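Structure record follows, encoded as structure tokens.
Per-chain numbering from 1; labels A, B, C, D and E assigned in written order.
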């Protein structure tokens, strides 16, 4: 139920502002921790940093109620289909932050086991560097995302690349090495369909 | 329309103004509850943050006070999904059952005293049913169906477990809850909330003694515990139990339907606090401002409402404090507590207080009668204990 | 009442001061040795310190540094020696901030700042080129639009503990072993045990 | 509770039942092997491979079989994880439930498999620490220490006294932060919201001290083969002693909040019981083993670093349940604080890295002075140092148990095989026997008190 | 320090005498016994029952396909794979390490789960990573990699599946 189909006039313009304000101020992350970065993600919810200040201390265990998936940590070949399924279970509007270098590109683990960049599986809105990024770096990424939500930047990008994963596939896929044995099935593993 | 305008109920006594007043009160109470829930959620998050040296929500509005509004708007504009395996009609219906019963239960609460609107004398209360307490019990029982149907209709496993837990939990605590209320009813001798509140009216500091929290203290404690259990609040939030069941019955709910569950849950909590205030803490009773006219708008309108809200706030703070301090009970321990302790305690309490009241009326020697009734109660308890099935049998029975 | 002392713990906590930092208005103090994003240093006369030796690229466990050296032209040398870093790129979506590069660099050309608050909306931003890494004419790190610098954070460009460490030799502790850098001159070493 | 060597040996040998139980086990196993072909056939039929729940008979461990449960056919199989809030990352538990009771459970792992052992073979010994430190990301310094110890054994070098004490202090600080994290997540799993926040709060203070010393909050890459990356920074004493005080205050709070709490006790006492014999059979070490009344702590029994020169107690309890595991970790923090204080008091001066030109890069100042130093510097950072051929197994007591590093060298700058025995990997095997017959809520408590770190399990 | 822990007497002599084809050596102060593949399970059972070895700490394997230098031991024919078993005796406070040569042509060893149930996971890991099967293991499936994975990643000849790091100025993979 995005707002983008609506033609803009005075009323809808105001409404869209309010909706975007609400989406920024109440961006519930999915409790989706993978590795080291998950520890830092939880630390960011702790007293010293307090994600709760942005209304984000509500880590939703059920992906259906979450707005933001923070891919915190390395994504293994075995985890990749699960990650995609969790992403599919989330409902629009949804955002993805790739936290840490392992999620963004595989980091130092350039080997058979790790997906070299989670953007091969899900569309990533913000990449956060560091291994692991500190809580304040994570918060920078979140604020970055907030800003993109405010300006509508994300929806433009989504429509530009058809909203799916594969933003950087051409640059990232291995060219000369042996093919990765596991294929990640992307389509049709969501058990839900839209209510329309 | 012709008929309705002048005399909608054809009773000859009710005119349009009264209808408008009733409609106005309904809308006002509903709005009051909605705002109260929003503020309560914000308050809860802030207090929990305070209890951990954090700041809590502070970016939505001043001090983050609009946080719940932002949550609500966001959820409203979120896409909705239904699992393939769900029973669609029930799935759609369940949240509304939860919400409606939560609101209806609140309608019997006297928020303030008698006021006059446009020349009509009316109470600050939506409905004063002669069987108000029975209505309350009915609503809290019905509310269970919202949760249970939600879990069952989702067609997946975690919600199903949550729904099973919900039904068992509500069944166990409904009895203790009812018996605790009976503890008040034997004292008050009426089922009308208005009458109960009037019996606790403020006449000076001495009237604190007439608040049923003092003569029925045990019932008060039992009521609080079972009310928290009924509303699935921590430490009894097994139904949702994020760490065990992901989200329990509402795991599959998204967007506005999830928001309604969220709303209903906290609305229930506020309703329960309000009922506790009504039954045990004198409702809107409290000292009025002596330097102002006793019949002026401040003392008739504001002060009772102020006292009512203040008392509810104290109880609500208590719930937040519980949430922050206690770990969650386990399923079987929850049942144990309900069946083995609360119900029996409430039962004995009802017997003893009944004997006291009858004895007082009949002029019996209380010093002899009270221990006797206690002994009798313990005797019955012993028989009950002996005949009680062991835990696993009990659980099976309920499941 | 030890059974319910937990309520006291949570209640008392309400009256203790908050410890939350108000990011992004304020940031936490970073320690001296903090590992942040890199900078390429220059000598006090403005010459680049990097000589394009590729030690940093070789030692990087994530292989996130790409260096190509080129010969200095005689007329306008970029660095004091014969060669200089012609291409220097760090892919921050690979960098694990282990500081092996800082330890390896023989000329203290690459060090780290205390800035760690940056994130990218696209992958291209994450590849820092030499222009972006090299300090400006005042010896301060260049600020990219997607980085959050607060006042005073670039006063000390480098987390240079590992670059100047005495490698375990107690005799070398407290000895200045840092060639002067643009804007900040020669750094005092950590005192260590010689305190 | 301090144990001398003699007392300990007495306790250990005094227990004769362990060796006696061997025969029974052999019989059980013999019965099992008859079933083996049948099992194989079953697994082929379902074709689910590692994701198949094995029949009940499988989980028979030395010390007698587990009590069997009769299901009435009304069971349901649910998957907890890999995305589930209480599975500590990406552990997946397959559970067969009868109502709320767990009939069978099987951990399915590998969702965080990172190929670190392969990557370890591609990195030189100089770079190796960056790899191992990311295995157990909650106590990275333990991993670095065990790797460094293994390399030093192969190189046959002794690290200087100061390095030993610095390592000990850092590892103990890390043990504190790891146990604080356990308290936080354990509290969260049991529904105690604020316990989690308190745990994070104190842990953050410890991390800040580690950051002052190493420059990083996690994954420090600080303990290297031959010593440490750098000396302690100026003003480290105040920082370390300050955090010790804060941690003690925090532990007092946790103690008040939970230890005596009736709900907490009813959730944990008698839940997830395991005996010493079962621990022995399942290769379980660390706090889980100590909770069964067996005071086995490598720091005491096979001392490394300078643990024989500091005064501390091995905490152990008798019941082997979740409550004991919680208490052990609570009080081990205090013991670690004790060790850290002694380290601060006794910290010797001198070198903190082996002064061997082939292993340690030259001091920065010498690069400009000596051509030879420059060559060593280049060689060390390009191809690392060569390690004599051979194989060794180093082990230390990490916060989760015995962490070991099996290292095989062929004389080049990179190891042939770098295997890490992660204690969580083995401790995870205890989860399914502990869970059987318990409720879902207990399953959460059991996973949590086993404290598995999936990075270490899957490597 | 570290080595001192291993300075206890070890039961290697009895072991070598009892099982033919075993060779005891010392590696960095740790007692290591090379045992024959066929007798591995028996040796472990013997150590558990008769020598009070109470726990099997670790089972792992090594692939020696590309070793530059490999020390030769008299009486042992070096094969491509080695399976390494670490045992500890708590009562005697000693450790022992058993190493078995496993030829490439027949990568299988008897399972140790009959002696120590705790070797179930590590044996599955070795199977997963090296393709060495453990005969008699009750549940020998992949543990770390997905079930449908092809190959055994820690074998030296398995594809590393590296990808080049992207750079702006990089003309292409080096």
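We adopt the following convention: a contact is a pair of C-beta atoms (placed from the backbone, for glycine too) under 8 Å apart; a residue touches a chain by one contact, two chains touch by 3 or more.
What you see is a predicted model, and the numbers here were worked out from it, not measured in a lab.
Greatest Cα centroid separation from subunit B: this falls to E.
Simply put, of A-B and B-C, more C-beta pairs touch at A-B.
Relative to the whole-protein C-alpha centroid, the nearest chain centroid is that of D.
Between subunit A and subunit C, the centres computed from C-alpha atoms are 28 Å apart. One finds 43 Å separating the Cα centroids of subunit C and subunit E.
With centres set at the average Cα position, the gap from subunit D to subunit E is 21 Å.
With each centre defined as the average position of its C-alpha atoms, the distance from subunit C to subunit D rounds to 32 Å. Counting only residues that touch two or more partner chains, subunit B has 51-55, 242-243, 246, 324-326.
Contact with two or more other chains is made by residues 6, 9-10, 13, 18-20, 22, 61-63, 91, 94, 96-98, 123 of subunit C.
Annotation for subunit E: residues 144-146, 153, 160, 165-166 touch two or more other chains.
Counting only pairs that meet the touch rule, the chains in contact are A-B, A-C, A-D, A-E, B-C, B-D, C-D, C-E, D-E.
Put simply, subunit E touches subunit D in their complex at residues 1-3, 5, 27-30, 32, 45, 48-49, 52, 54-58, 60, 62-64, 66-71, 84, 86, 90-91, 93, 95, 97, 113-114, 116-122, 124-125, 129, 136, 138-139, 141-147, 153-154, 160. Residue ranges of subunit B in contact with subunit A, taken from their complex: 45, 49, 52-60, 64, 66-67, 69-74, 77-85, 242-243, 246-247, 250-255, 258. Subunit B contributes residues 47, 50-55, 321, 324-326 to its touches with subunit C in the complex. In the complex of the two chains, the subunit C residues touching subunit A come out as 18-24, 27-28, 37, 61-63, 91-98, 116-123, 126, 146, 148. The touching residues of subunit E, when paired with subunit A in their complex, are 144-146, 148-151, 153, 158-166, 173.
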